[in-house]
Structure formats: structure tokens, C-alpha cells
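Right after this note come the structures.
In the two complexes that follow, subunit A is the common piece, with subunit B as its partner first and subunit C second.
Coming up: the complex of A and B.
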């Protein structure tokens, strides 16, 4: 106690000796206080959050038919549930803990479940993808493009490392080509130009076109991340696997890729988060995903001038989803043999 | 006795410059233990790596466990050989993402299509034989170097090989861990396994080897039975090497 008091006194003395520094500190403190005060009072008194509170269902599901809304909402609830299960898993005693394999399958199953719930069929009334929207559509776009981009990226990475010249060059041209094109150009091509080239009878649905464009684009980046992971694996692993008589594909699948993907997890998380945020570009091309629905709400005369509230809310939503993704990725990194080293007593 | 390895004037050079193998002739019978010695860079590792196709030869003829291995490296031919020839590396090269049990059963299940139950039963037997029966569920990083190398031997043995190649199996180990690996290899030799061992362990060579191959600069300097080699080596170069090793 007395120690801290003497340091305090010392500081006071120093302050007397350095008036300029003291003045600067006071000014900076005042500016910070003013910022906190004005933002705080705006958030509580000035802001009109009715644009959010009155439209929560729209942010969640977009223009989905009102009496069928429970379907996307159920899917979002399931996603929240499995996210909670995943994030709380390390806190649960290992006896009751759901196995990692079951959890992975659960996550994988989320996509077809979501598709059936949204699109209908199997006894549910069909709803065209034109009516999908909001957070549901954002997550749908991210999930399906990610699911397609990962295997495609892995194949491209393997192709680029191939001993055969033709696949190696093809993969290199693809990767370099797509990385040289801005994403928005790929999306424009998919949404506006592709339908012009295709015969009239063939009409690919807009959401599907967006998913394909995202997946083809992201695959090029995923490929480089996976290739980086593969390069981190010493060649002695390949020799050991080959010496056991495993074939070339078996070596990649059973020995090299599992190790490489673990190395690539941080980089792949980057891609996943980037992908989620890039789906907002589809707002420009007319999909009413999270950003799209916000823009159309702001066009409503009832909510004129409510930009700040809407975009703060949007930022919060994106932050929440991205943070959940980042936390889950960190868990994935901690799993496996490297962490088992300390966990298992010898 | 049948022939496990037959090499006729095989030659190999890296980047076309110095010859790693220069006209090497060799034949190893089934049941024989051959120790390969020589200064570093003499081509001994390269030699045994040609026996399972990890290195391609530039010229000459090779026949491993009755299967010819040509200079053109036919992939199917090499895999047939690798199924029947085990290899143990200096750095163990276990698969770090797999448990000890999975390391051992991977190839039997995927290559020989043995059922998981049978493969695991055999793996437990091999681990017991190596004196590490209680390590099956651990991961390689949790084991000491000596234990890892014994797992590597068990992994190779799980394919029921006719020939075992050892590439400096104790060079990366702490001195006090060397014995446990050499003991495992002694037992293997006593059981009649055909072994070709690249090593600097004179004691092991003297005790276990039937013959010693001494190499220098990619050439076979001397190939004698082990008593002759250690008591009255024919070549001046071998004697000089042995003298250096003893000091």
C-alpha cells in the first residue's frame, strides 16, 4: 500500500517538473472521455434501433414466405446449437464429450439439412432460391462454396505438385489466372455474362451460380494454402510411406494430406472468414443476403437516415459469426497428437 | 538357399557428377545378415536404397527377392518389391499424426488388405516382441527415440517381409538408447531374418553379421565374412577404417 502511495507521489512530482507532458495527457484523456460520452449517449439516447428491432426476421431469413419462416429459423437454431456444442466441448468431462468424428459429420450434415429446409421437397412446400435471404443466405453461400472449394483446392494443390507436366501446368495456369482476377469480376461473369453464353433452355439458378463462382475463386487460394502445408511435410514421410508399399494416392491421402491440412488450418481459417465477408459482394449483384437485405431496408422511407444503426448492427453480426469461426478453428488446431503429448500421462 | 538380393555392376550418380555407386556386385542369400560399412559419403545408404527403389540405378541389373528391378523403374514392379522388403530409417520416420497402433497397421490394412482386427492383433504381438507392448495407443512424439525406432522396426515387420533393410538405425539415438534397438535387431537375426544393415556399430557387426561389405567412394572395397574382416581385413583401406573406428 505504502509502496504504491510513494510511487504516486513520485509521479505527482514528475508532473510538476514536466508541465507539457501533463497538459498533453489531460488533453488526450479529455478527447477520449468526449468520444466515449458522445458515442455512449448516441447509442442510448440518439440512436433509433427500430430499424433493427422491427426487422429481425428479415435480417435472419430475408423475404422468405412468412408462414414458412420456421424452416430457415430452425436451421439457424441448429447451427447455433452445434456451434455451442463445439465451443463448449473442451469444458465437458471427456466421458460425456461427443467424439470429434461425430461432430465433424454433424457439421457436414448441416449443409444438406439446410438445403432441404430452405428449398423444400420431402413433404415441405417448395420455396425458390429467389426468396432466400438474410443471414441464412449468407451462411448458405459461405458453407456451400467452402465445401466445394476445399476438395477442389486440394486437387489443384496435388496437381500443381504432380510429376506429370500437363496437370502441373494446367493447375498452375488455373491458380495464377484466378488469383490475378478480382473476385467481383468473377462474380459479374457468373451472374451477368454466363447466362448470355448459355442456351436459353439452360437456366442455372442465381444462388447456385454465386456458389460456383465463389468456390472456383476460393479454390485457387485454398490450393496455395494446402500446397504450403504439403511443402512443410519432410520428404522422409513420403519415403517411409512408399517403402511400406503404399500407392501414390494412398500416400497423399493417408500420410501427407492429413499432416498438411493440419499445418494449413490457420491459413484455411483466413480463407473461410474472407469467404464469409466476400459473400456481401453479392448485394451489389442483387442477392438479398445480409448486406443486401440491409440495403433494401434502408431504401424504405420509414427508415430513412438509419444508416449508422444498420451498419453497426451488421458489423456486430459479422463480427459474431467470424469470431465463432475463429474460435472453432483454434480448437481444431489444438486437437490431435501434438496436444495429446501433454494430455496423456506416461 | 535362395537369393534375396542380386546386384550386377550397378551404377548410380547424382547430378551426373561423382558416382555414388560404381560397378557394385553383390549377392545376399536368404537368412543371411550383411553389414555394410564405410566412411560417410561412400554410397552405403544409396546402395540399400536402390534395393527397394527409393533410388533408381543408372545402369546394371538388380534382382530383389526374385523380382527384377530395371533402370526404367516400373512402378508396379517396385511396389511388388516394397511389399516384401521392409526398411528402417535413421530418423525413424514414423507418421506423427497416427497412433503407434495405426502406424503399424496402416500398410497391412491398406496394402495387404488384412482385416483391421487381424492387423491389430499382429501389431500388438510385434510391439510385445519389441518390448513396448504398453505404448500402442500413444503417438510417436510421446516416445523416446529408442522406442520410436523399435516401433519403426515393428511397422516394417508387420508386412511380413522376406528382407529387412536398415539404414543407420542407431545413428540418431542417444548412446544409452542404442542397445535396446540393437537387441531387437539381434533377436530378429537370431530368428533367421534376412538383413542388410548399414551401421557404424562394430560390436553389432562382429557379433551378428555373417559377412561385412566395406565400401569407399561408391565402390566395393572388400566383402568378407565377419571374422576375417575384423581380424585380418584383406584391404589396407578397410584396416585403416577399422583402426580409426576403434579409437
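Coming up: the complex of A and C.
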């Protein structure tokens, strides 16, 4: 009995030390070495980064008027600052205690601050949204679409679970319908068809139309994520809340939603990252956000054939922003349960 | 009493929704009359007037717009079907590699998935088109004898010639969706108890065989539903082909709408054609589900 056991164990270990595994490792190492060698030699000898270095302001703010550029740049700097504070909070906690609530309000305030800084008014020279561009526009599109999509998605998720037949069906048709069509079609609808459904006297600019289209699209996906969160909550919670005498709206607001949203945070983070990446589609429909400004730069004869440098730079930027978002979300997840338990008086 | 209240609530909702739809339709009618457009599908039967860079059925600019749309629909179907095959192979490979015994292979697959998922698909498509394929020399490269010929005019495999646009969309979609499928496969493999892996390894069954005959059959019921939603995503993402000039359904619809000015009608046809694509993929996946998954495992 024990003899056959050792045979099995031996075979199990042999599987790990199979000669084929060693061969595989050698091949992979060779491939990695080749990739590093060819990329390295290209970076040093072949690459010409002038397309990036000469156009940094364009990548950051697009065609924003030159003597007003400090406004979007200030906003970007503020965003970097609050990101740094959020990410470094656990490290600096011993010196400065920053409450999570203040930080959340700070993040929320970033959007109106950005809008005022970019659009002007209140003493600042007005700049039309046609002149917005670059990373600033990418972040504005992401931020405002997300802000609109979240409450809309929550409403749709609640509607889809409603006991009333009509709202349930309406929400289902909306969610399934929008999830079945490509985003570019929705954006196309927003740019070309949306004005046809509005009264003649109402005219909304292209950036706002893009934000609306993104929000309507993303809401359908947010709704499914929130619904997943709602389903994860045991029905005993509902019964307990009802037994305490809470009304149906109070149960939703105080018991169901806070827990469901916490469960949905990882999925919602992925949606937010996806939304940021998807704003690049507006380059096809003529906005000069990060990808759009690069396309117009590459069309400039001075930078002919500088595609690879530009794309690597863009990939790096997108990667950086997405990673920062993912890291912050992970921090949010980690802090979530502990703050929930500390809220219960012992 | 509670029932009655919800009745009223429902009625109120009906009124609100109907009013909203009414306002929108009214606005649309007013706008269509104001611009003198009205609604009409006559243009479908008039000559398209534009050339298509590639077509599987015979096509000339003198053919009707409806025919041009059908040809573009087939172009979409072609690139979607091919990408699904490649993405699945790549995804299953990378997903299995993330659970491989070889730590180097695990790292490499993890790097692939992590990198691809943090970069927008559109950027990746532009990279494949402008850098990878248009960057090839005009004199064909033939790395494996005469089996494959690569040049910036096109790719030829065993005499079958593919355009640069098609190849770029194919590679871009496959690499992007492959990373998503790898995550799906990894999740599916993790749903199979560890004991099953240890059991086949201790019986001396090789990794590939054990994966194919022991683990994958048990993981499939968990993988297939998520896989089919990835295929639908791939179909939706194929509309980005317009950025590299591949004549797919969305690109040709866009051209038609610009030429005829028939935005509402063109958009409706686009949606319907896309619905047909979705139904086709869904039907295929249900068929696959019936063939591959054992009846006892179906949920």
C-alpha cells in the first residue's frame, strides 16, 4: 500500500521535471532574449521620439488656446495629486490622517472643478468644447460618462428586479438591447441621430453628445454588474430589515444597495477601465481625444512613419492610467470590509 | 391596498414612458419634415456608386446599395468567423499555460493577458495595421519556404491571398479576444478540483493528454457560456475595422449613410444586420453546447 503511494508521488514529481519542460523553458528564454535584444536595439538606434517630445502639450490638452493652457494643465496636476494621495494614503497614515470621506468628496469635486477650469466662465475666458482635446478630453469623457452611468445603471438594475411587470420588462429590453449592439453604433447614434430626436431649438455640442452616448451605453453594463451584486445578498437580509419595520425604499437604500455595490466594486472597476479605453473610439467619430490627436499628428508630413513611437507612447499612457485606476479600486476593496465592521458598535 | 398602489404606479409609468416616446417621435417627425427627408428605403435599390476593396461575392460599383450591404455583411462574417477560431486557439493555449507546471510559461502567459487587457483595442488594431503589416517590405518575405508569403501588399498562405486590412483586423481581434478567453479558460480550469490534476499526473498521464481528456471536459460547462459572450464581444468589436479601412458592415453602412443622407434608415438596417450576426453566433454556440457538453453536465 505504502509502496504504491511512493510510486504515485514519484510520478507526480517526475511530471515536474520532465525533459520536455526543460526544453520548453530554454525555448521561452531564447524568445524573451530575442525580444529584449530587438526592442533594445530599436529603442537605442532606430527610434525617433521627436514626435512625442515636440508635441507634449498637444497630447496633454489638444488644441486648447495657448495662453489658457495652464487651466487644463492645472486640472491634470490636481488629478495627479489626488491620485498620489489616494495611493500613498496607507504609507503616510502615521503623519497625516486623511479620512476616506474627505477623499471621496475630493474625487467627486474633481469633475465640476475640471468643467469650470476647461469651459471657463466665472472670470475665466470661455473656451468652447471644440478646442478641448488630448488626455484632458479623454479623462473628462470618462469621468462624466461614468458619473451619469452609475446612477442610471443602479436604477435599471433595481427596475429589472422590480415586482411590477412593466418596469421589469422595460429595463430588461433596454439592458439586453444595448448590450447587443456595438459601442461604435451607439456613439454614431449620439453624434448623428440624437439631434434628430431633440426639438429644433435645443442644440448640444459634440462632447456632451458623446458623454450622453457613453453613459447610456455603459449604464446597461453597470446595471448587470449591480444586479449581480444584488443577487449575492441573501434573502434573510431582506427579511431581517422588514422585521425591523423598514419600508421598501429604506430597505433598498440602507440594506441592499450598500452591500450590493460593495460586492460589485471589482466588476465596476473593470467597467470604468473599459470606459476609459473605449473613449478612444471617439477618434473615429472626429473628437481629438488622446488617440484622435495622435491620428492628426501622424497625418502631419513632418512625422511621417512615426507610428510605432506614437503607439508605444499612447499604450504607455493608457496603461498607466488604467493601472492607477485598478490600484485605487483594489485599495477601495481592501478598505471596504474593515470600515463596515468598524461601523458596528461593539 | 398595497396591490392597488402598485397598479397606480404602473399606470403612471406607462403614461410617462408613452409621453416620452411620443415627444421623441414627434421631434423626429418635425425634424424629418423640416429637412425635407421623410422616411424611404428607395435608395437601397439604387446603384451604390462606391467600390469595395474586397468582396466574396461578385460586386461592382454599379450594383445596388442593398447588394453592397450584403457583401459587407459577409465580409464581417468572414473576419469574425476566422478571428473566433484563432482567438479560441490562442485563448485556450494561454489559459492552460497560466496553469502549466512550467513557471516561465505561466509568467509569459500572465504578461500577455495583463498587457493586452490594459491597452485599447482600437490602438492595437492601428498598431497591427500601420506598424506590423504596412511596415513589412514590399518584396515578399517567405519565412517557412513558400508556405507563407508576407509583404505590405498582402499575406498569402498556401496560395490563399489575404488583404493587409483583413489580416490586421484578424490578428488584432484574435490577440485581444484571446487574452479575454485566456481568463475565461483559467477560471474554468480553476473550477475543476485540484485532486483531478494530481490524479492524472500521479497516473503518469502527460500534461497535454490529461488536460484534454480529464480536466477540459469537466471545465467546459463553466467555460462555454462565458466563451459565447466573448464571441459576441468579438463580433461587436469587429466594427472597429473601419479604422483600418476594412470594408465591413459598419464601414459600408457609414459610407452609405454619408452618401445618401439616410441616417435613420441606414442605422435601422445596420442594427438589423447586426442582430442577424448575433443570432448566428448564438445559434452556433447552442449547437456546440449540445455537442460538446455531456447531457448530465448541462445546467
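The rule is short, and it goes like this: the second predicted complex is superposed on the first by the 295 of 346 C-alpha atoms of A that agree within 3 Å, B and C clash if a C-alpha of one lies under 4 Å from a C-alpha of the other, contacts with A are read in each partner's own complex, and residues count from 1 in each chain.
One rule holds in what follows: a residue touches a chain if its C-beta (ideal position, glycine included) is under 8 Å from a C-beta of that chain, and two chains touch if they have at least 3 such contacts.
This structure is a prediction, so every number in the text was calculated from the model and none was measured.
A.B. asks: Taking the superposition on A as described, I'd like to know which of subunit B and subunit C A:262 touches: first, second, both or neither.
C.D. replies: Only subunit B; A:262 stays clear of subunit C.
A.B. asks: So in the superposed three-chain picture, is A:250 touching just subunit B, just subunit C, both, or none of them (first/second/both/neither)?
C.D. replies: The answer is first: A:250 touches subunit B but not subunit C.
A.B. asks: Just checking: does A:240 make contact with subunit B only, subunit C only, both, or neither of them? Give me first, second, both or neither.
C.D. replies: Only subunit B; A:240 stays clear of subunit C.
A.B. asks: With both complexes overlaid on chain A, does A:45 touch subunit B (first), subunit C (second), both or neither?
C.D. replies: The answer is neither, since A:45 touches no partner chain.
A.B. asks: Comparing subunit C with subunit B, which touches more residues belonging to subunit A?
C.D. replies: Touching more residues of subunit A than the other partner does is C.
A.B. asks: Applying the document's definition of touch, where does A:181 land relative to subunit B and subunit C: first, second, both, or neither?
C.D. replies: second
A.B. asks: Mind working out whether A:126 is in touch with subunit B, subunit C, both or neither, as first, second, both or neither?
C.D. replies: neither
A.B. asks: Once the structures are superposed on A, label A:8 by its partner contacts, choosing first (subunit B), second (subunit C), both or neither.
C.D. replies: The answer is second: A:8 touches subunit C but not subunit B.
A.B. asks: Scan A:101 for contacts with subunit B and subunit C and give back first, second, both or neither.
C.D. replies: neither
A.B. asks: Do any residues of subunit A touch both subunit B and subunit C, and if so, which are they?
C.D. replies: Shared contact residues on subunit A: none.
A.B. asks: Spell out the part of subunit A that touches subunit C in their complex, as residue ranges.
C.D. replies: Touching subunit C from subunit A are residues 8-9, 11-12, 14-16, 18, 21, 24-25, 28-29, 32, 163-167, 170, 180-185, 188-189, 192-193, 195-200, 273, 277-278, 280-281, 283-284, 291, 298, 307-308, 311, 314-315, 318-319, 322-323.
A.B. asks: Can you check the complex and tell me which residues of subunit A touch subunit B?
C.D. replies: Touching subunit B: residues 236-237, 239-247, 250, 254-255, 258-259, 262, 336-338, 340-341, 344, 346 of subunit A.
A.B. asks: Can you name the residues of subunit C that touch subunit A in the complex?
C.D. replies: 6, 9-10, 13-14, 17, 24, 27-28, 30-32, 34, 101-102, 104-105, 108, 115, 118-123, 126-127, 130-131, 135, 198, 201-204, 207, 232, 236-237, 239-240, 242-243, 250, 254, 257, 263-264, 267, 270-271, 274-275, 278
A.B. asks: Flag every residue of subunit B that touches subunit A in the complex, lowest number first.
C.D. replies: Against subunit A, the touching part of subunit B is residues 52, 54, 79, 82-83, 85-87, 89, 91, 93-97, 99, 106-107, 110-111, 138-142, 155-156, 159.
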